[in-house]
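Both of the next two complexes hold chain A, though its partner changes from chain B to chain C.
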Partner chain A sequence: MNQPIIEIRDLKRCFGKKVVLDGVSLTIPTGGVFGLLGGNGAGKTTVLRHTLGLLAAQSGSVRVFGLDPVADPVRTLGRIGYLSENRELPEWMRIHQLISYSQAFYPNWDPDYAESLRNMFELDPKAYVRALSRGQRARAGLLVALAHRPDLLVLDEPSSGLDPVVRRDILGAIIRTIADEGRTVLFSSHLLDEVERVADRIAILHHGRIQLCVPMDQILSSHRRVRIRLSSAVSRFPTEGIWIHCEGSGHDWSVVAEGEMHDIQTEVSRLQAEILTVEPMNLDDIFVARTAGKPLTAEVRS
Partner chain B sequence: MNPSPWNVTRILLADMFRRNWVILIFGFVLAISPPALILGALKAKGALNVDDPAMIVIHVTFTQIMGMCFGVGVLQVAGWPSRLFLLPLSNRAIMLFQMVPATVLVIGQTILSGWILNALFGLNWPTLGNALAFGMVFATFQSFLTLFQKSVLMLPTLGSTLVLEALWVKSRHGPIFSLPTHYWTMVTPVECGLIGTVMAFCYALGMYGITRARCGKEIQTGLIVYLSRAFSNRIGRKAKVFRNGIEAQSWFEWYQKGVVFPIIVAIIVPATAVRWLFTDSRFHDLLETLQVEGWMMSAAAMIGGMILGNMRTSDSSFAMSPFLGTKPLATTSWSRLLLATAFRSLAWGILIWLTVYLLVLGGSELTGENLPKKPFVWWHFPGQILAAWTAMTFGLCLSLSGKLVYPKILGAIYFGWLITALFVRGLAPAWFTDYFTVSTLSGCGIALFILTLWVWGLALRRRMVANSQAIMACLVVASLTAIAGWQLAHEAIPSEGSRIHLFLLVSGLLSLVVFPFAAAPLALASNRAR
Partner chain C sequence: MHIHISTRDGVPIYLQIVRQIKHQIASGILAPGRELPSIRELAENILVNPNTVARAYRELETVGLVEKRRTAGTYVAEGPSPLARHEKVRMLSERMDGLLAEASQMKVPLEDLIELLHQRARAFAKKPPLQNPQDQAP
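For the complex of A and B:
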């Protein structure tokens, strides 16, 4: 494995009495695209803000490029490009002012690349930020985040406000290009088809805990939806083993299993049941199975 | 729920008062406290003569100050009418909801404050005329806000209307081009009718504004907007090239927030001169007013500092926005940059004030008018600059911390002290009043001194300031304290005890001159990584 670009150890964070992060540990390797998934209020933005040094760890530690982003903001933030969730930009600036202002902070700023991005995003240099639509603000924010060719690009809900064309073609292409250049993209999203398309590795955050942190191909190959028929009717499906989610009643159950096919067959035999169908799952279904309702297994899988 | 407009209005009103009663009470106490304290001090020294003609000027001035302080709170509580546009309310109901309770509150506050001051100090000030007039002014303000919103037309139209109304109110206290000569004791039916007519006109104007705004028809400002855009396009056409992040951030801080204080001064000082034209028009009085304004500049500086320290890009929650928080700038460099911007802002404000002061001084020389009997005391000018610097940087550090709890704590301390002081002054025996004054002033000075020491200690421990800077700060405070001590020793103060508590208070205040050099990096760091 590559040298990790971000290392989070046992991070805890409370806002008042609300526990938002409850012992999060996460290692993100250098290079590639890392997707952070979770429902509303799962703690995605809080994790990202810790990596940017915008929140100080109440307990645990955060290291980015091997440095503490709170103690050393110049050396960490100088190598990070960030697009915030709510697209906060100074309303009074014009686009060309925003570009020249941002350029001053980054020695590696590439003016040609910035200009090509501005053309690609169709941003009028004389336009005021306050006059931009939400989607245009997202593009302006993306331009500023990308033009200094950061080693780490942190995108908080990057698709929010972008139209499908920009989202699919431009954003997807940019993310892949950065990853192909050996740099790292960390992004949070709940648009799972998009994550499935671009991410190399994902982590699912649920109720302030990491539920899963695996490579994308592994998560897709290890989860299956299995329809099984039990020999005797039960009112509650057995929760042990490889099963992570179930629906049904009596004899017929539709369950989500995590494991190899022979593990599933072994478990089904142990239950004295028969397999009716086995279907592959997409990320959307896996996410819902892992986060919706009460999970069958309480333990953290990572 | 019965969804009739009246029922909705009733529920909204109840909700408004339930959520904002603290602001209203705080605004009321804040509005009445300066007059109460000043009149209390005059009464304690036996200098309060209710038959003195100068009391008429004091009455008119205090009524305006109280009305404006409370009016700001009421505007905050009333909010923008646009929040009601999606509710099932008619335009008429929205305007009524917006205008009537707020106007009634302002009228009620003026009458109640007048009664309280009359009862406390036996003033016999009339209340009804000024209360109705202030209601009219407030209704005008609200209707123009509703009609023009953020249009550039608002300033000239509202300004000229308010000037006309102010002149009319002034005419109720004597000739327009002189100092007030008598109280407005009797409100005639004609005056009531005129005020009622203006209020009705304001209501109609506000209704028209709501009708337009509700369907997105902005007021067209034609030539003014064209000129403003042309000017703005001209100055913003070329991109500025910055050498580094510090330079870029300096530009950002100055253009977004630093210019606010000089603009406030540039509006207030000429406005004073215009107002002076409608009183006795003697340079003597204008000079005295400008000297007082030199001290009052501290209040504007504190507001300017709080705006400068607000690190939000769009609103005023004070918490640093991610856009700024992710800039690769060292916290200590950034805080120094902010202090430099505060200094620049202050320098421009003082330059504007000083220019007007010197012009007036020159005018008085040219006209051969005698200067004030009490010439400008030598330490007033540096004192005013230090006071403005202290107020601005204290405000800067408060908002830079990103925590609203600090202004709230300070507000609560002030509130508690004020209530206690009024209570003590009104009810306690003389010896206790003296003891209270000496102990609170001394305590305040000592507390400020300790606060500065603590902040410097913390900043040194976190290596946000160097030892050499701490030594320099000590030298500055010691020098300023020595000068203040020397000056106090030579001032005509009745007893030794008075000198000691004044010395302690002044020393504490002077220690705040160096307070921001340690507090600003601490506040910024806590706001940046919360």
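For the complex of A and C:
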């Protein structure tokens, strides 16, 4: 039986009075790349820190490799490679010291692989961590996260604030990691282009809840932008059922629908409306539609 | 083999790979017997998930445009493929469907559209052909 690599059930977390996670449930299968999407402050980092055992669940549960990462850090953290958003590294070390220091933590550390990554990333062994550029710091962090060939690679906003060349390195590292059979990558991002390129599955986190969790190849085919004309004007369009998001007024509305084409046709004829156009959507537009405000309720004007 | 991926217009990436390879086979850029890059190589090169490349290759194999040989390696199928013609027709049909949809939206009748097509064909014959838009930089 294929056990999920991460299983989160009804996780809640408050910081002071602020509710950051409001009942998050998430199952991440073993193998492949899982993209966690959400705007700033959506709680992505908080979810990731729970999977690393850096935060304990206030309520609900978190299991990684079937284990509680807080109760059993040795058997979980040793199998995880982690690159944090701020890429905290010991500032006073030189690169060669960082490598031998990190090696001590991981029984599976592969010195040859570490050396080949160091070469590929053009990291000078004598350079101090504190003197590294943003891009070189990200590469050093990636080296530490990858060189023990972890079963699970967790990357928190890995590309944020980096130039395209370093972003290529990071995407390349994700691709090579899962090209080695059976490994799993979990990464958070708000750069939807790279999410679409590398993720097998995505989840959208919004207002502390999972709004959507689907295979990547389903999300594009299941969302469409439909322009419709109603036979009688309404001041608000009913965003319920297959309708996710709407813009417009009176008779003419541009609506985002989730469902098969025949579902859309059924709903449109039920509304006594006419379809003007149907367009595919890119991930950016779907994300915006999925996270824009709260659903509106129907308010039909006669 | 050159593949360009765009995530702007909502076309799934595996489909972009399938279409571009089909196009390159139909237009002769990829000759029969030519070896395609390995899944991992292409994935790292165009920076997409290897599973996506694998899915595109499977699809091309199903329609007989490429074949797996020996243990590894994917090759453009040998011999004149009837599918190449079929594929050309399919690609043109796709473009024409778009044209028909636009004409219908602008309330241009089919006869006018056909007449317009003839006019354009005459004008097209007089000037050097345009570059293939797919070969241009985005």
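Miscellaneous remarks
Simple rule for what comes next: the second predicted complex is superposed on the first by the 281 of 302 C-alpha atoms of A that agree within 3 Å, B and C clash if a C-alpha of one lies under 4 Å from a C-alpha of the other, contacts with A are read in each partner's own complex, and residues count from 1 in each chain.
Keep in mind that, in the parts below, contacts are C-beta pairs under 8 Å (C-beta built on N, C-alpha and C of every residue); 3 or more make two chains touch, one makes a residue touch a chain.
Every value quoted in this text rests on a predicted model; they were computed, and no experiment measured them.
When the two structures are aligned on the shared chain, A:E181 is found in touch with neither chain B nor chain C.
Judged by the touch definition given at the top, the superposed model places A:V33 against chain C, while chain B stays out of reach. By the touch criterion defined above, A:A56 lies against chain B but remains apart from chain C after alignment on the C-alpha atoms of chain A. Of the two partner chains, chain B is the only one touched by A:P73; chain C is not.
In the overlay built on the shared chain, the residue A:S221 is in contact with chain C alone; chain B does not reach it. Of the two partner chains placed by the overlay, only chain B lies in contact with A:P90; chain C stays clear of it. Judged by the touch definition given at the top, the superposed model places A:A104 against chain B, while chain C stays out of reach. By the touch criterion stated above, A:E260 is placed in contact with neither chain B nor chain C.
Note for the complex: chain C touches chain A at residues 5, 7-14, 40, 43-44, 47-51, 55, 105. The residues of chain A lying in touch with chain B in their complex are 49, 52-56, 70, 73-78, 80, 82, 84, 88-92, 94, 96-97, 99-106, 125-126.
Within the complex formed with chain A, the chain B residues making contact are 233, 236-237, 239-245, 247-248, 251-252, 255-256, 313-314, 320-323, 325-331, 528-530.
Note for the complex: chain A touches chain C at residues 32-33, 168, 171-172, 175-176, 178-179, 192-194, 196-200, 216-217, 220-221, 277, 279-285.
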